[in-house]
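Look at the two complexes coming up: subunit A is in both, with subunit B in one and subunit C in the other.
The block that comes next holds the complex of A and B.
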């Protein structure tokens, strides 16, 4: 069974606005810092890649040991980054697309300030459910 | 001239010009957002929304009476029915029902089946006391005041606060008798 480590959403100003350890239990104590580090490192690659294609889903763009970083960039340049070690491309794509839908709903909320943390528990539950479904 | 039969809410709603629902929802959202930024206090925003609604209501009643052809209501019960069945349908496109009458017929609840104002909205922790739709209560209060009924309109249930419906409590405080402004012999 493949495992997923962590999913974060990074705003256009490079501020992480949502984070969840979507997958199964973490193995190492410092794993969450490690994951953040890997995802941060991948941001540079995203920046270069984002403008070379019109597709929003950038597929796997970086790897670290046995872990892969998959990225989806929305039109507003918000980045969804998923750190995983599975090879489930279709599932990841569907996951990103559905999270995108949820993210748009959050963005349409007049009381949400774009670029601020996503604190909605509803969003959190939905994303976790999607992670279980697709990843 | 024979009195014209009152038109149904559906018929009026179908005959007036419509505006895109999302544009409407987001515009209202932007107003609330701006009020929150400007006034900072959630309580103040509630008050301001109510006042804005009141100002809308005192004008809206004229359009309502002109388009709906309703005649004078015999009692408050009928008034509440007209608001729920025709008023809400005509201006918001949603139906509403009237329930929870008290014994002397001066206090009732209008339950909205659907509320286009709150699409997409989720109250963040910082505005828990906000009555997001407070403008509606103001509209009802303002409109009723123009037809000589002093009312108090409050939200009892609010889906944004985790309830299962939108319920607006309308309480009739007093009926102001209409006075002819001039003496007969003037």
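The block that comes next holds the complex of A and C.
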């Protein structure tokens, strides 16, 4: 079944440090800008919600048409945001947890400046593989 | 992410880091050496705090973050918790560690005596260089958890035990804007 999914990682300073389109559906031309727009607009909601709970996985926080935005916030206030149209809560939570581990490995690299863009193609490949597996 | 390194390796690395920065790179300017060492500690603290908070719920206020530093973070780094936490409720915390692991194998040098400065304060100055790295680690960890702060450390002086640094409690004081 074709799914649309757009995944971005936003640092604590509200700078996107990684984005990818991980869905299996065919993309329309304006779809990628639209996805980015929806995700960035949801940042305000995440900001408010993040202080109300101590959980890391905030489930679906925003909707647009039939697509849902789910967010996972780390202790360092790095936000993993996923725009998707499937309803697989457990799969999405596992996806976020695995990406969190990958993100920590990137962070442990002494040559990586925290808050800068993640340019590792290895990370990109792995995230796409995880998206295919869990979403 | 679970590989281990022997503790003597860590001790040697830390000793050599302080020695290189103080005697080689910034031999004329100990303040710059201290700041570089603290900056290394900042990045390490940033990375470690992200790693050690992975499996636990996030923090809802400053006190929880400080308690995490005193208990879980300190246990991961030094295999023990902070012995005493004091606060003045106006933005200053003092963490006291009675047996700081990284200083436990350092001994004073009784032969140092050039007359201009008493050996006690010279030794204290030398010892303080070793404390910049843990200060940086604490500052990096707290900054990552959302608390920009300034951390300083000192070893309290007890007149009874002059060259026995092992028995001196080490106090880290954290100051942040409230």
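Keep in mind that, in the parts below, the second predicted complex is superposed on the first by the 131 of 135 C-alpha atoms of A that agree within 3 Å, B and C clash if a C-alpha of one lies under 4 Å from a C-alpha of the other, contacts with A are read in each partner's own complex, and residues count from 1 in each chain.
By definition in this document, a contact is a pair of C-beta atoms (placed from the backbone, for glycine too) under 8 Å apart; a residue touches a chain by one contact, two chains touch by 3 or more.
Not measured: the values here are computed from a predicted model.
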For A:111 in the superposed arrangement: first (subunit B), second (subunit C), both or neither? first
Please indicate which partner A:122 is in contact with in the superposed arrangement: first for subunit B, second for subunit C, both, or neither. first
Among the partners subunit B and subunit C, which is in contact with a greater number of residues of subunit A? C
Which partner does A:55 contact after superposing on A: first (subunit B), second (subunit C), both, neither? second
Looking at A:20, would you say it contacts subunit B, subunit C, both, or neither? Reply first, second, both or neither. neither
After superposition on the shared chain, which partner residues are touched by A:88: those of subunit B (first), subunit C (second), both, or neither? neither
Partner chain in contact with A:75 - subunit B first, subunit C second, else both or neither: second
For A:32, using the defined touch cut-off, is the partner it touches subunit B, subunit C, both, or neither? Pick first, second, both or neither. neither
Need the overlap of the two footprints on subunit A, from subunit B and from subunit C, as residue ranges. 105, 108, 110
Touching subunit A in the complex: which residues of subunit B? 26, 28-30, 32-33, 36, 119-125, 127
In the complex with subunit A, residue positions of subunit C that touch it: 1, 43, 46-47, 49-51, 53-54, 56-60, 144-146
Residue ranges of subunit A in contact with subunit B within the complex: 105-106, 108-112, 119-120, 122
Subunit C partner, complex, touching residues on subunit A are 12, 50-51, 54-56, 73-77, 100-101, 104-105, 107-108, 110, 114
